[in-house]
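In what follows, subunit A forms one complex with subunit B and a second complex with subunit C.
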Partner chain A sequence: MHQTKKHSVFIIVLLLALPFVAGVHLIVGQIDIDFSDYWNALFNFDGTNSYDIIAREIRIPRMTMAILTGASLSIAGLLMQTLFNNPLAGPYVLGINSGASLFVAFSIMTGIPFFTSTLGITANALIGAFVFGLIILFFSRFLRAQISLLLVGLMLGSFTSALVSIAQTVSQADELKVYTLWALGSLQKVEFQHLMPILGVFMVGIVLTFFVAKSLNILVIGEENAKLLGVNIKRARLFIIALTALFTGLITAFCGPIAFVGLAVPNLVRMILKTQSHVTLIISSALVGAIFILLCDICIQLIEPHFLIPINIFTSLIGAPFVVFIILKKLR
Partner chain B sequence: MIRIEQLKVGYHSALLSFPSIELKQGEMYALVGRNGIGKSTFLKTITGQLAPIEGIVFMNSRNIATIPFNALPRFVSYVNARFPLVDFLSVHSFIALGRSPYTNLLGKLNSDDLDIISSVIKQLNITHLKDRFTSELSDGERQLVAIAKAVVQQTDIIVLDEPTAFLDYANKEEVLNQLTSIAKAMNKCVIVATHDIDLVVNKGIQFLLIDETLKTGNIYDTTTTKVDILATCFKSMHV
Partner chain C sequence: MRFLLYVLPFLPLFGCNQKASDEFSEKTSGETVKIEYATNFNLQKTAQGYTLEIIDPTTGKIEHSYNINDSVQYDVISLTATMNGMYSILASHKHIKGISSIDYIYDPILHQRFKDKKIKSFGDETSHSIEKIISSNANTILYSGFGDEFPNQAKLEKLNFTIIPIYDWKEIHPLGKAEWIKVVGALTGKMNEANAFFEHVVNEYKALQKLAKNVTHLPTSISGNLIGDIWYTPASESYMAHLIKDAGSNYRYAKIKGGVTLEFSIEQIIQDNAKTEFWINPGYDSKAKINKANPHAKYLNCYYNTYCYSPNMAKFWERSAAEPHYVLSDLIHIFHPEITEITSFNYYEKIN
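Coming up: the complex of A and B.
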């Protein structure tokens, strides 16, 4: 079983690399903040010390969200790729983010105060992601070619952005501002007080994901064969889509739409590890995704003094060529 | 053991009917009939994937309709005509999926599971394949691997839908011999849909022949000849 040993080594290396990269992420910002400031910010917070405030309200949330974004979107992508038996599936390309955006846009435009609160936006993002997950699931029943599902996802995205544009033209200035700020997307908008609840939801998602690992392992050989091994396909599909929506909705609510991470990372991990064991794939994808977004954000911070690149643009720059590579390799 | 009672199978209306017959442990049955006559429909019905139009299927004297679908894989294993080619899925991992009806919620294999898997791999002479990826197998190797997965499932009944369809002559022989020895040595009831009549006559294999004009199926014993088969299953060809 040298294969399993190789996987363990890979995961241990990632586990050691993650805190290192996260540490680098914390110290590359323009203002020098050392680790004692971080210690104080967490355990000995002084609201009048500007270093403490930067550490607690800006740096720590940004680093945490970078990790959670990478991990969540990568797991969501992995779940979708296995469920749809399609290496090109992912929360962004299949329009799951679009669902979250649409629901958030419409609810903000109603002007009801609850819907512009953090809780309201999060709830709507989760529901929107789930509804669009169900729509994609519905269409996938009628599609044979792998590329077709992608095109449907693309159309879903276009249709949604058209609807959002219409909503924007008829909305009030205040609501438009709330939506526009939200839709820009960034790792920096999360407040410290929101980190624990976000982390809590993420952990629940991770634990539940391990419970579908067995179904995912069997789904790899196709739904028909999985059914013959006793997998309740309908329940598994719904459960997997709900988890995908949870991860994607959570991240989209706080950081806006972030492209291609969910598609690229699980493919990369599968190519490196050459396995279909989903416990290994879930852990590895989450870690690689987290490190990937941390590295992207480190680059962004390093070039920030010169010009500002949103995280979404950065992941597209790297992710889109990689997706073309996957198409060339797997779907010629 | 499978016992069927006055069975009618089909999707909306009955395609085929069967009298009350019993398929025993330790025997291999070759299911022969014309293309499109309903062999797969019959196999799907006796494996619980499709409800009968009429009649009852008993599996180890239990009415199949009363077995919950997630318990069914412990009674019967089914080998599809289509083998899934999956990148990065090793032969060992694929065969191990046959243990999934017995593993816990997380799907962890215990040492018993691993012992069963390696003994079946040895028995079928596919040790050299176990670290290969399923996407890299030849047609003959694929069938042996699919059979291995069915055997590790440790069911009394194994049903195969045309496992020899795309194989060369030597591989057809190999697969059919392996299946016969599994039925005899492991005391299993093996049912194989096949068009390779020449390879199943006089091999100690029983027959389930589908009558071309009457649209009925029945058991014929090991002494059945090719002429008998042609006269039952391919009447229109003869006259």
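Coming up: the complex of A and C.
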């Protein structure tokens, strides 16, 4: 009872903190944008007013994508960690991002217009993430040590990098440019008009994730025990992989590959809450992930007048030491 | 062929120059060849040919020194587009044995020679095969000098390769960039032709500059585009900013000093350029491509008024360094269509 209360308080604090941090994110930047600009941007938009444009087309999409990126990648990481019973699992280290990147690279470099469209890139990122999820799932059947699966993920990452490099050497300059720009990653490429469909897909993913929360709770005690408790393991695995692909592919398609969030955030949440309740973990990971990316992006915007850092570089700077900390903690 | 078009009108003058130049060479053996605008190389006439000194653009100190011997044929692997253009202008295609990639070549003669297997592609500076270089017919490598040294430089020098970094891209003055044709002149034994061509370029450039000086309105302009989250645009003391100024435009970032390139966030660009009239060099040749790379571009006034121009990439990179007067002419035509003396574009085109 005490634990449940602690979890509820934690989630309420996060729910209060999220709009506050999002508000700070909206006002931080080189250009001073006030509340009236946001009001006008949403309800009285003037396409010739630079303040309206910055508010509606840059700040709001950037803030929204920061929230969705943090939440999606954290949930994807949580799903993988539970599925593989491995605290070091995550969409980036297991090569799910690499799968999305590889499919996007190949589709762009075909030069076929559909594949370079937003829809084409999104579809390919989702398929790539799902295929690589299945590959990891396949290898996981043969591996016992937790570290072995990570090594397979690492190898998948190296293998896809090599394939992408080969594709780059034979591709035309235009396609190469499109891929390079996509791979740089950005939270601000998304346009205001695209936010609703992205948000819609994200919400579908969230709802479906709650459907598997019960299976995830049981998976924690091991697959054999889960089978005895009536969980259809094969179906649950495929469903979890599909959800992971949905979250990872969606974000990779629009923001490029972003490292370490999916690995670090669920671990941080588990360390704080010390629970195996996946409803709590899903909500908390999503909120902590969203706040984490918002804070990272606020830092980026604060140092922007001096030098510009891409979001994926910044998350790596913070996430990598944290992952080393987790590994050291586990080794002890 | 194109070289002849440049040179034919000057043939009488050219003949005199040839003689004068020979006399000058004899008299000034060991003296510095006149370099008016370029800052990153020196040339000295010697009894055997020339001494070429490459100057480090950052420190201003001599980085490399080469003895170019008139009796040696310098066959090159040219990994810089601008040098390819200068070899083409001096009709010295036969000296090019290697390029980085045929995809970036404009000159039809180079394309034909590539088809005839007289030219091979070697990849860029970082991804070449050393054995392929050794087995080529070349004895000289021209590269951009982005890094400190050419990869495997020591090994290649032991095999008697001459490796020359080309810092034309670090020249600030457009005519300084064009003056690098004198390096090609020294390497190909065509210094007189190089001098004549450069003199022609200087005269044309100055005449155009004068034309643009008489305008009453200086329209505002920006250059560059987003790469990732960063908008890269030329600094005020850069080559492109120099051209924009000479073409009679008020470059939006003309007052910000330092470096070759400036970096801005998209927010800053939108804020600063609400009323900017022209956008040049967006890096793409269609609005569809611009929209894909930078979906916020449509909120720039210059985008809506379709004043975006983009160069024909391969042609531009290969020839524009040697032909800054053509670039200047294009920019004047963009910024001042009222000037009736210029009626067409050389490199640029309007983006639709």
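We adopt the following convention: the second predicted complex is superposed on the first by the 330 of 332 C-alpha atoms of A that agree within 3 Å, B and C clash if a C-alpha of one lies under 4 Å from a C-alpha of the other, contacts with A are read in each partner's own complex, and residues count from 1 in each chain.
The working rule: a residue touches a chain if its C-beta (ideal position, glycine included) is under 8 Å from a C-beta of that chain, and two chains touch if they have at least 3 such contacts.
Just so it is clear, the structure is predicted and the values come from calculations on it, not from any experiment.
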Subunit B and subunit C placed together on subunit A: clash or fit? fit
- Contacts of A:S316 with subunit B and subunit C, given as first, second, both or neither: neither
Margin query: Is A:N40 touching anything from subunit B or subunit C once the two structures are fitted on A? First, second, both or neither.
Written below: neither
Rounded to the nearest 10, the angle in degrees at the CA centre of subunit A toward subunit B and subunit C equals 150
Request  = Using the superposition on chain A described above, determine whether A:S161 touches subunit B (first), subunit C (second), both, or neither.
outcome  = neither
| Between subunit B (first) and subunit C (second), which, if any, makes contact with A:S148: first, second, both or neither? | neither
Exercise for the section: Figure out whether A:S277 sits in contact with subunit B (first) or subunit C (second), or with both, or with neither. Expected result: first
Partner chain(s) touched by A:Q3 [first = subunit B, second = subunit C, both, neither]: first
Q: Examine A:L181 and indicate which partner it touches, taking first as subunit B and second as subunit C; both and neither are also allowed.
A: second
Smallest Cα to Cα distance in angstrom from subunit B to subunit C after superposition equals 41
Subunit A positions within both the subunit B interface and the subunit C interface are none
Seen from subunit C, its contact residues with subunit A in the complex are 103-104, 123, 127, 227-230, 263, 265-268, 270-271, 274, 283, 289, 292-293, 295-296, 299, 301, 313
Within the complex, subunit C is touched by subunit A residues 29-31, 47-48, 50, 53-54, 57-59, 116, 169, 172-174, 177-178, 181, 184-189, 191, 304, 307-308, 310
Contacts from subunit B onto subunit A in the complex sit at residues 47, 49, 69-73, 77-78, 80, 84, 86-90, 93-94, 97-98, 100-101, 103, 105-107, 131, 133
Touching subunit B in the complex, subunit A uses residues 3, 210-211, 213-214, 217-218, 220-222, 224-225, 227-232, 270, 273-277, 279, 330
